[in-house]
């Protein structure tokens, strides 16, 4: 039994879309960050699926770099959250509104 | 078997992703994200990317998400409050996403003729070969990531350290 | 081997391993009480059965029959999930540990390892990235503790679990790095492959364990980090009872508490297994030729068990001896001493391996 | 085959910057808590100078070409952007020497972050492999996020960092998805290989179009062109002024470099209408937004969106490779010079806690500090595009490139926008010379660091405005090389 590659790509697109939706609708900063992680995960699945179709390990390598970047982003992002929380005492993005958007 | 396993984990994945959106409690969202990551690791295994799968568990589920949970606990992030903020993003973003999704699916469906079927473990990615590639062809990228990590560490320390009185 | 036989063999192996593991866990508790008792000039448990040998059974019955409280204001789902998660993660990793060589029983050959199989050429093989899976499962173990503390809705629990997760994440780095030296020398990530790399001896006497092949620094780093990973004295800050009542399991009682308890001891056993596989040659050991063949077949298991119990005794011994660290000392020790040392060990080993090649 | 010594020369500027950054990082904890970090800043500036020297060394024809397993490529194009980025880093370092102590954020990590961030920006201009481009992009972005929040006790600064981070990572995810699809559609992550596949194969996979759109979205966020500009005003307002000088120019120039390499070299021309739309939107939104602002940093933020729009005009005309690309390169250099200069003056004027950042605070500056006012006037005139300034020739080349590729409407819209834009720049100048000062407090004396930063920008702007041929000649060499395999 085989699985067509488009199934993998659809799943990956779905995860990405969920991430985008979360980013646009959620109000808690930490959840927003998690939505971004979800988007990156969706992308990773695409990389692996394409690598499998093309029979090259380059896609796997890309996933490693994405993971490193995600880890770095998480560290910096959570530090920023802590800094924001210290000056504001809130995690709601709508209340972080000193600078008008 | 492959199809069955794929469907099971894909359902877990999609369910976790949806649950992340629906949940109001931050910690529940985080847990559903862990479920997504775990099932993605299983899907990588199905494709034969064993090393990537394990690293996915160790890095994503074992390190990054622990950090998230840690911060959630540290800041005592409870329920998400429903607030009325600017909804511009929603009004433009969601329809945009919808249209983008339709285009994407359209492309994929149109693509159907050369839709490659993937067998179980179709591209075997053992640790030694991945490492070989990492230290030859991608050597520069690998070295440059150290700068990235250094910046991240430094930034985290600078931004989150206690007030220097 | 047909699929059905494979399945049956695997199930039998799982059942046996799980049974043995849980027994070992139960009797480690007994051993601990007994040994610590002797160290402190007490008797330890002595009433239930000869030498108190039935004490674990009595404890188990007690845990089962006690009232199972769920405090109000807890996050119910996560509160119930956490102990299960901790126990499952603790029990899972034993599946990857090679406990013995290939055995032949009833016309079936199979290695004494749940994930191990015999390939077409009759050679034992297991998962290629076995060690990484063990590390992955260990890194997931922190969720049980973190979630327990979070969901209990109590400040002691929260503080305990914050400490625990920070501690485990920090020491995991040194733990992982300390194993890299061994990986460089054995050039495989498969656990049974690592055991095979240590099979030969020098002069027919001294075993070529990685501990004797220059990895003793790594061994000590591993042991220290492992103590911190399992939250044992002198690194048991998450449950430091003088400050935090009982840390993350303050709000747990009866069977749910017992699950945390079992998870901790199962983790100790796993850590000991990995230590003996990575540094002490796993199930390898001297063959004693005058014994009958049937007994000799079981010698590897004996060696393995002996090594495990050596480590378990070490745990108990240290518990009876050392005081607890202060939390900032613990963090400083992990990051400022252990981590650079582990890194240095990796670099030195890498140079050595490259020079030999 | 291990990399040769030539390979290392090809990343020499990056090596110098990285080593200097790490040296600053290591030196920081060795200094006592009350020691001034000015010495570290001077040291970092020296590192920038050395990196500039390394770039000049690298520019010799002997070192041109691919390096590190075809990961990067040294050519006119990369050398040009290296110089821009390193000069911006140098000016930022110099203007921060006195800003940091005044705001009680005198930390060595600041300089280390600028140097290490510059590593990423330099690599962005020379990388030809998407893996490396992605990592370099992230280095530059993450360094900018942290720098934006460097005044971490100020609510504005942390808020700016948060918004920048959120939208920046969001954009990164889009970029990455685009890369993944491009990888799937063409089977490679090498820019030249991708270009080859897309330009030669008879049937381009539709996936490639989606991929380019996603990549464009991601990079559009980074260069702040409309409709992906919303983060810009908030982030620029909250971030420390020297940091704004840095992140409104260097990462942007680098992102434009990536955009040039990727979009122009890989996409077939039917994509240029998207750039056309983005250019028109950016110019209009930027200029209209800027008119409404009362805070000078916000005003310049909107102006930077408008300038991104002008740059996009150059892109839209890049179907004529020679003119479009060289105009875009010239524009990014000119914009960097004049914007850094303007922000150098602003960061000097800002006072503690960035109190004086309203346009009204600049009233009467012509009398209070004639030299500063003259410098700011010069930079603002350059932003308008008055002759003898770099801004003039930048706009001139962009619009003439557009005209030569028969983009009449785009040129017209651009010119109208240019006229509209002059209003808000002139408003500041009028305020400075015609209005009464609000306070009698003397403007703090200009120290050496800020003075040098202003001088560098002034000279660069003037040079580009008076004698543009040398630069132009150099940039015109780039496109032919860029195209060649």
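All chains are identified by letter, namely A, B, C and D, in their written order; residue positions are counted from 1 within each chain.
In this section, contacts are C-beta pairs under 8 Å (C-beta built on N, C-alpha and C of every residue); 3 or more make two chains touch, one makes a residue touch a chain.
Everything quoted here is computed from the prediction, not taken from an experiment.
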item: Pair sharing more residue contacts (C-beta pairs) when A-D is set against B-C; value: A-D
item: Rounded Å distance between chain A and chain D, as computed from the means of their C-alpha atoms; value: 26
item: Intercentroid distance (Cα basis), chain C paired with chain B, Å; value: 30
item: Where chain A and chain C are represented by their mean Cα positions, the distance between them in whole Å; value: 34
item: Chain centre separation (chain C, chain D; CA means) in Å; value: 53
item: Sequence positions of chain D contacting 2 or more other chains; value: 131, 135, 138, 142, 145-146, 149, 152-153, 158, 161
item: Residues of chain B touching at least two other chains; value: 51, 55, 63, 67, 72, 74, 104, 111, 138, 141, 145, 148, 151-152, 155, 157-159
item: For chain A, residues contacting two or more additional chains; value: 9, 19, 23, 33, 49, 53, 56, 58, 61, 65, 69, 72-73, 76, 80-81, 83, 93, 97, 101
item: Which chain pairs touch, all of them; value: A-B, A-D, B-C, B-D
item: Contacting residues of chain C [partner chain B, same complex]; value: 75, 78, 128-129, 132-133, 135-136, 139-140, 142-143, 146-147, 149-150, 158, 161-162, 165-166, 169, 172, 187, 189
item: Residues on chain A engaged by chain B in the complex (per definition of touch); value: 1-11, 13-15, 17-28, 30-31, 33-35, 37-38, 41, 44-45, 48-49, 51-53, 55-58, 60-61, 63-65, 67-76, 78-83, 85, 91-95, 97, 101
item: Complex contact set, residues of chain B against chain D; value: 103-104, 107, 110-111, 136-141, 144-145, 147-148, 150-152, 154-155, 157-159, 163-164
item: Touching residues on chain D, where the partner in the complex is chain A; value: 130-131, 134-135, 138, 142, 145-146, 149, 152-156, 158-163, 165-166, 169-170, 172-173, 176-177, 179-181, 183-184, 187-189, 230, 233-234, 237-238
item: Complex contacts: residues of chain B adjacent to chain A; value: 1-4, 6, 10, 13-14, 17-18, 20-21, 26, 29-30, 33, 36-37, 40, 43-44, 46-49, 51-52, 55-56, 59-60, 63-64, 67-68, 71-72, 74-75, 77, 80-86, 89-90, 93-94, 97, 101, 104-105, 108, 111-112, 115-120, 122-123, 125, 129-130, 133-134, 138, 141, 145, 148-149, 151-153, 155-160
